[in-house]
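The same subunit A turns up in both complexes below, where it pairs with subunit B and then with subunit C.
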Partner chain A sequence: MKSVPEILQEIRPEFDFAASNDFINDGMLDSFDMMTLVSVLDKNYGISIQGTDIVPENFKNLQTIEALLRQSGAKP
Partner chain B sequence: MNFTFRNKRISGVLVVVPANERTFVEEMKNYNFPEARSLKLKEVMGYDRRRLVQPGVCVSDMAIFGLQSLFDRGLLKPDEIDALLLITQSPDYFMPATSNIIQGRLGLKQDMLCLDINQACAGFVIGLMQAFMLLEQESVRKVVLINADVLSRKTSPKDRNIYPLVGDAAAITVIERDTQDSVIHASVKMDGSRNDALMIPAGGLRLPSTAETAVLEDVGDNNLRAKDHLRMDGSAIFNFVQTEIPPLIQGLLDRVGVSMDAIDYFLCHQPNRFMLQKLADKMKVPHSKMPNNVVERFGNSSGSTIPMAIALNIADKITNGQILACLTGFGGGLTWSAMLMRLGGWKFCEIIDYPNQPK
Partner chain C sequence: MSRVQSAGEVLEAIQKVKAGATAFCTNFFPVQSRLESWVAHRELMAELRDCAAFFLRKDRDFAHLYFCAANPSALGRELGQVPAIATDKLATDLIGPEPSLAELLRLTEQCGFRRYSRLVRLARTASAVTPPTVQAPDGIELAVEGDAPEILGLIERSFDRFADQLPTLYEIEAALAARQIFIIKQKGEIAALLFFETQGLTSTIRYWLVASHFNSRGFGSALIRHYFLSQSAVRRFILWVTATNENTIQKYQHYGYAPDGLIDHVLVNEPAKT
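After this line comes the complex of A and B, so read on.
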């Protein structure tokens, strides 16, 4: 199973996600990237992240994405 | 707002799509994005092929082509049409109404009603409601509803948020009285305070089109768009659909006392595959009961996508049998609408090509 940083790197290889604490305001993820990320996370973790949870606040940094995964039923 | 209609039915659907087909892959070079990123988007959203009108083709052209096809094959008689409703956001002119132009070019009788209605992706359900209301009149026996748009002509080829998803089409639906006792339930909601989520800013009288409004501007995310072009706040629309549609449908079914499991098909407007899959998951509806394959074949053609989803996926079931369907539209306005009705015994249900014109 791929880790969240690995998945982010595949979607936007030009950015260093470890160096940012705000992917949205730093311009590293746009709304279409969020949908791509959700699609990959759903498949990777065998879950379906709720559409109403696809909001920028949940994709701000690694901690918020991991919290979203836990909330969506992903097993660590 | 809730509505109930009695003894009305759809008796046929014909969808006209331009023969001119474009693929996402061949258009990728228009966007200021790395190819790999565009290909990921293609996979998630279901972008593949779409149908676009050639330059100069208008809503009335496709509608007339479709109606003439029905006349020629004896599936509809010109004199039977007592009302012609056109739902569009891309009319031929400000004035006169495009429905009048269609009537005139086809030589239809004068003793009829022509009406243009400005509605977008919720326009199929809104149009059906208008048709059902007209059929309450003694003098109206058959209504032709046309959901047609050529919004590709109002999109920027440099706008990756809009351009890859838009298609053009005209859907012709014939509606009449049902000789059997039947009931149709509908719910509609509107929120004009969010009108700017889907908008063409210039071209009306508030901001007339000028050389300035035709200039492409950097609107962020490497997209270029003019004020003359259609704009969409994708995140706002996505959240609107995920938030408002499940309770609208649940409320409609609760009011009528029908369970989700009793619905054979949830036939929704077709914005993109991802949005519909998320909607189905939220409602705990199997993906097989909520078709999401229109965008990948034809593009999102606004109010015509529900009849297109029907013709593409379940034409046999509707011409040879009957299903219980929940029709759901959502889009500009904002407007969202759901309708519970039986579909079956249709005389025709098909998609035909509007031919390319010789160069």
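After this line comes the complex of A and C, so read on.
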């Protein structure tokens, strides 16, 4: 199973996600990237992220994405 | 349709649709600041239906149609019931990787829309090699407030109102304030311009044009080189271009851009075709 940083790096290899605490404001993820990320996370963790959770606040940084995964039932 | 009074109203409508979603689908990806601006300028109308919400944004003599729906079948069922489809000039965009758009294309076409244009997104990483610099013509400058009407006129004459998301005068004024339009003037006339938006590490070219009677003087290449140099902190450059515009795509490829897999199908309804 891939880690969140590995998945992010695959989607946007040009960015150093470890160096940012706000992927949206830093221009590293846009709306389309968020939808791609949801699809990859669903497949990778065997979950289904709810539509109501696909909001920028949940994709702001590694901590918020990991919190979203826990909330969606992903096992560590 | 009723006029939207606040950005919160839009988000609430989207949340309502998402709450019952089994296969949520949308073409509405508004940045908060842009959404607030549309509301403040009284450009946005909304219609809430069963498992779907529709938004119309006024633009010149037509409106952009945005939707969100709990699943594609709800979209197909409810879209056909929106009265404006039969009476108003509408354009809508379906955005995503090409294979993911087939069902939405079929549904919107069943509801009276016809394919109008197809755009591809091009992307360039900052590490892409920029061709060797040639001597740039003098005179690249940041456009100022007084240039706004001339910039708007040039863009309106050079681009397609349905497909190219033309800016309003207030958007141009905001871009000027943000120092995001470079121009070259010749005898007081704007000969070429490059209008961009930078958000953190990503920068988007919105419009890059040379007025027809100033072609072949190197103004376009001077502007884009200056743009790359001015955005030294940017790691990812993107833009949308009409898929059939091979000359322009070749120009962008020359500067290191390549298709990144996202497609925008632009569709218009019958009233917009007349």
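The criterion applied here is as follows: the second predicted complex is superposed on the first by the 76 of 76 C-alpha atoms of A that agree within 3 Å, B and C clash if a C-alpha of one lies under 4 Å from a C-alpha of the other, contacts with A are read in each partner's own complex, and residues count from 1 in each chain.
Heads up, the rule we're going with is that contacts are C-beta pairs under 8 Å (C-beta built on N, C-alpha and C of every residue); 3 or more make two chains touch, one makes a residue touch a chain.
Here the structure is a predicted model, which is why all the values come from computation and not from measurement.
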Review point. Touch check for A:Leu62: first (subunit B), second (subunit C), both, or neither?
Key: neither
Request  = State whether A:Ile54 touches subunit B only (first), subunit C only (second), both chains, or neither.
outcome  = both
A:Asp26 in the overlay: touching subunit B, subunit C, both, or neither? Say first, second, both or neither.
second
So in the superposed three-chain picture, is A:Ile11 touching just subunit B, just subunit C, both, or none of them (first/second/both/neither)?
first
After superposition on chain A, the subunit A residues reached by both subunit B and subunit C are 12, 30-32, 35, 50-52, 54
Residue set of subunit B touching subunit A in the complex reads 37, 40-41, 43-45, 160-161, 221, 234-235, 238-239, 241-243, 274-275, 278-279, 281-282
Residue positions on subunit C within touch of subunit A in the complex are 15, 17-19, 21, 24, 29, 95-96, 125-127, 198-203, 234-236, 262
Subunit C partner, complex, touching residues on subunit A are 12, 14-15, 25-28, 30-32, 35, 50-52, 54
In the complex, subunit A touches subunit B at residues 11-12, 30-32, 35-36, 39, 48, 50-52, 54-56
